[in-house]
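Next up: the structures, one after another.
Same chain, two partners: chain A is paired with chain B first, then with chain C.
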Partner chain A sequence: MTSALPQQTPGRGQRASAPGLPSAAAEGEGAKRRTWRAEPPDWFAAVAGAILVAVVLTFLSDAFLTTNNLTNVLAQTAVLTILATGQTFVLLTAGIDLSVSATMALAGTVLGMLTVTYDWPVVLALVVTLAGGLIVGVVNGLLVARFALPAFIVTLGGLLVWRGLALQMVGGINTTGLPDFVTWLGQEDVLGVPVPALVALTVVAVSALVVSRTRFGVGLRAIGGSVSAAERSGVPVLRYKITAYVVCSLLATLGGIVLVGRLDSAGGSLGTGMELMVISAAAIGGVSLFGGSGSPWGAFFGAILIGIIQNGLNLLGTSAFVQQIATGVILVLAVAVDQARRRLARRWA
Partner chain B sequence: MTATETLTEAPVLELRSVTKRYGGITAVDSVSLAVPAGSIVALVGDNGAGKSTISKIIAGAVHPDEGEVLVGGKLRASIDPTEVRRSGIEVVYQDLALAPNLDVATNLFLGRERVRAFGWLDRAGMRREARDLLAQLDVYVPSLSTKVERLSGGQRQAIAIARATHWARSLVVMDEPTAALGLRETRKVEELVVALRKRGLAVLIVSHNLDQVFRLSDKILVMRRGNLVAQFDTSATTTEEVVSTITGVM
Partner chain C sequence: MYYSRTLAAGVLVLAGVTLAGCSSDPTAPDDSPQPTSTAGGECDYASLSIGYANPTATNQGWIIINQGAADAATEYGVGFDSVGPPQDGDAAGQATVIENFISQGVDALVIAPVDAKALVPSVEKANEAGIPVIDVDSFIDGGEITSFVATDNLKAAGMQADAVGEAIGGAGKVVLINGGQGFQTGQDRRNGFIDTMAANYPDVEVIEVQTEWDAQEAQAGLEDAISANPDIKAVAQAWDGATVTTVPTLEQAGLLESVYVIGFDGAPDAIALLEAGKVEAIVAQQLYVMGYTAVETAVQAACGEDVEERIDTGALMLTPDTVGEFVESNPPILREFIDQAS
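Entry: the complex of A and B
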């Protein structure tokens, strides 16, 4: 603060001339002052794509635009949304977490074992499961941030380790008959809205506020934009990076809890290969893979777009292989649209 | 301006016999210097003379092997960049240390955001303060929400200096502030430097540009091969004298 120093009268408007100072405002801007146009949000392409696909599907299938089907889409994309939101925290720092689906499988497996095999009380089992997610996040974060190992390698290793551990723990056999609370999380409705969708929306809304309205969120984006600038500006880079991986792993754990609730089945093979879908959802939603930009709402809309496409192709009776092709095409298309949008925005500015 | 009345007599920054070696090379050899309150001091010298090591030592990025650093007359103990900032010294780095993907207001408060209850950012308050700051310094940007990557080089420099101005309580160190700028933008930055002195802040400016040094500074310190070889009052010296001291050709 400059409070110890003589203060000049603050000007009101931002272009007001300060007393006693030469008036050389608008250097390099000259006379061509233009009104500032707000940039479209990062998730613009995903929302536009989702609406477009929804309109097309409405014409192609009578079953698409029904409350029942749309709540279904929300419930089906809930786990993807939760994981993609967690991934957003890591992507913002210009990192990546390939181990999310393995972490999710490990969490589901641990929860299944503790509650079904060992008959633990559900609350205690949930606490231990979340603690496991915390440990995974701390390990990832420490290796990446403290020991400066490449995030890609660390979490690729993690993908193998955590899934291997989950498979080893239960010998590759799935557990079923999970406690009521867990299946409630995955399967029930509250006022007509599926509980998993409510969980996912809460996660997204809270995460979006954290990213845009807290020092932690600003710090994450600063780290992704320029880690050296963040460091020299006093952003606690190490702590924030580790926290990002912890948030990501904890949300992967939450996703695992919801998923085993949905399926009423827990085991090491849960969500195999889903990490690529998670990263795709975030990227489709305008979360930059190079760090520094994106929002949990982007992850949400990206997941919704993927969900609508899968749902639509299901309704149309297309094979799962075609769904995979479609998702891949959409991923590349969304990123291309996003790049074009940024270039256009730059030209207008 | 009566900027000096709130300031003490002790120099805002003093180095005493500071030495820094890199392996076998002595980058800074027993340098003693003082920056008086409210003055603009220029540090000049050829490449490799030790100027940037001095500025890094002041910034807290490099620890001297020997010697003492005094801030406001008090010995500075353990140092790191955060501590240095807390002591009222701001550094405008040559690369500016701005986050290109964040907007102007966010950059001005980066690492020092103001928060309200529950840790929510006080965005309105910060924007108001940012707007007043830029108005006072007569810095024009399209909007506080403009990302720094969209600004011109001069505007970025102005934002970095505005940030330093806002947070500094005694001294702003500038490393080659106009090296990458055009003529008009350079003039704008020079106006900002003068504005800092009007606010009662001292400025230590590392520069290659002797014309600029003569336009701005009160004192000129000349370094050669790690030594501080001369100190001039700007009004009592000539470009020729300074150049010959820099090159060592008398």
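Entry: the complex of A and C
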């Protein structure tokens, strides 16, 4: 984990001073603003990539640059954005949560089962669903932070357990005909903007404020930089780490609610393998997989870049294999660009 | 994804019906088992043991297939053991299950493979031990397979294409949502549809959406296809996970009333939508018959009878007119699933 320290770019906020001193938050923000022009943000590569791809697609397909298509992209990437934002909290601590898509599937399945099969009132079902997400997060967080098990293993196990639990609960039967409120969340528009996109943007904006402006956010980055340094400077490491996993699981749960609303279908096989796309979105958006740096806006732009590529390839009618290849290449490219940017920044500093 | 494999099934009893093209007549599987008459009384069923290596897929399709398998075993009164790998898709785990069956000395094996290649060595071990191998649902690419019991997906997808061509009057744009093209099932359902459409309805333009059997990909792909082609007349899907999400997508686009929607599988949630009038038709696999036939064939092979190498368990065209009969012809569990799903 401490290996992340040398990677950190000097001149970026509180990391340039004592890593993670919560009291350095205000100063850190000031420093960030001062160096803004000298150093592009973490998510620079993702935004540049998205613009580039968008320009190319505008020439290749008449259907790309239309209001209808662009709102489709926003709606299509909403769930990925929400999950990648949650993942960002965990990645900041130099952790990882591979169980997000399984947690999402569990949430969607529980909600579908309670509302469709058992006709529960939607509010009660949502409370139970969110409580389930809370439990998943607490379990992940406790095992990683309190019992010091590797996050990779804990959440890999979780991936199997939560999805298995979802399938077992309903015996593999999918449900359809979800309550109006849930399908509203997933499908409707408000002033021409899809509700799922509004939910995703709200999640990103609030999360970005939390990460950059609160003691908690600063503490998370400090933990990702160096746990011992964070402890020395008074960051409540255990509590913050557990909270990061809880936030991640709760956002995965929210993603599950929005997803089943969008699909009007809930079941244990929802989003199988999507965790890799979630981590890719965050990484493409400049969130460091080694902890300590990154922003929810990065997760958002990473998801948008992936979404635009998939949308473009769909419009052009290419195969699913090509889509996988493209996403993989972009992932490696974006992280390479990001690393190069960090190296340059270090040299100039 | 599993559903695809799931669905790679089919039922032989109905092959004749399907061939004749009047596939809208669901034949009940009731009359299929005649245990005592088949082997001429020579074979002592009670002394036989059948090992069924299931895929541990817990989705709705496999539950019905497994139920058919268990019911056949009960009907014949054979010893029956159904074991799956520790998790879905775990080929190594399934190989272990098969080896255990071989060392237990089962009289016949039924394998629902999670992988076409990885299980070939296991089949070869069974061959060496002289144990007949019945391959159900999805193809095993090697070893000596005594009988392969599955839906003929090429043919079933051809039925789907014919139904679409007829419904839209033989001309116009049609979206086809494909499953994973890395799977034989996915390829067959695509090729069966495309080839039949090209041959019988050359004026129909097929717009393909590529997915890896993922509902999210299916929905995004359909939205994008509609963006590029607002004048589509029908949507056909390679599995019912996509069928279910096509309904809200078309509803949002204001196209549900005008667009012909045809599914593939006969999953409970899709059947519920058909009964609700939101889906026009479904090419249904005979999942129960497939499981039943696999074990029945295993029993016959264990008794030393000749069995057919390829048994197509057939597909049925479900429409509002035929769906009731289809559900009735299945075990009551299907109706329970449909109620649970909607």
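One rule holds in what follows: the second predicted complex is superposed on the first by the 311 of 349 C-alpha atoms of A that agree within 3 Å, B and C clash if a C-alpha of one lies under 4 Å from a C-alpha of the other, contacts with A are read in each partner's own complex, and residues count from 1 in each chain.
Everything below uses one rule, namely that a contact is a pair of C-beta atoms (placed from the backbone, for glycine too) under 8 Å apart; a residue touches a chain by one contact, two chains touch by 3 or more.
Remember, it's a predicted structure, so these values are computed and weren't measured experimentally.
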Touched partner set for A:215, first chain B, second chain C, both or neither: first
Which of chain B and chain C A:229 touches, first, second, both or neither: first
Chain B versus chain C as contact partner of A:133, first or second or both or neither: neither
Touched partner set for A:255, first chain B, second chain C, both or neither: neither
Partner chain in contact with A:86 - chain B first, chain C second, else both or neither: neither
Partner chain in contact with A:61 - chain B first, chain C second, else both or neither: second
Which superposed partner A:292 touches (first chain B, second chain C, both, neither): first
Chain A to chain C touching residues, read off their complex: 61-63, 66, 68-69, 72, 75-76, 79, 116-117, 160, 164, 167-168, 170-177, 183, 186-187, 259, 262-265, 267-274, 310-311, 314-315, 317-321, 323
For the chain B and chain A complex, residues of the former touching the latter: 1-3, 6, 81-82, 85, 91, 93, 95-102, 106, 110-113, 115, 119-121, 123, 131-132, 134-146, 150, 152, 154-155, 158, 165-169, 182, 184-185, 187-188, 191, 195, 198-201
Footprint of chain B on chain A - complex, ascending: 1-2, 4-6, 8, 10-18, 20-29, 34, 36, 38, 213-215, 218-219, 221-222, 224-226, 228-235, 292-293, 346, 349
Contact footprint of chain A on chain C as seen in their complex: 1-3, 57-63, 87, 178, 180-182, 207-212, 214-217, 219-221, 223-225, 227-228, 241, 244-245, 247-248, 251-252, 267-269, 272-273, 337, 340-342
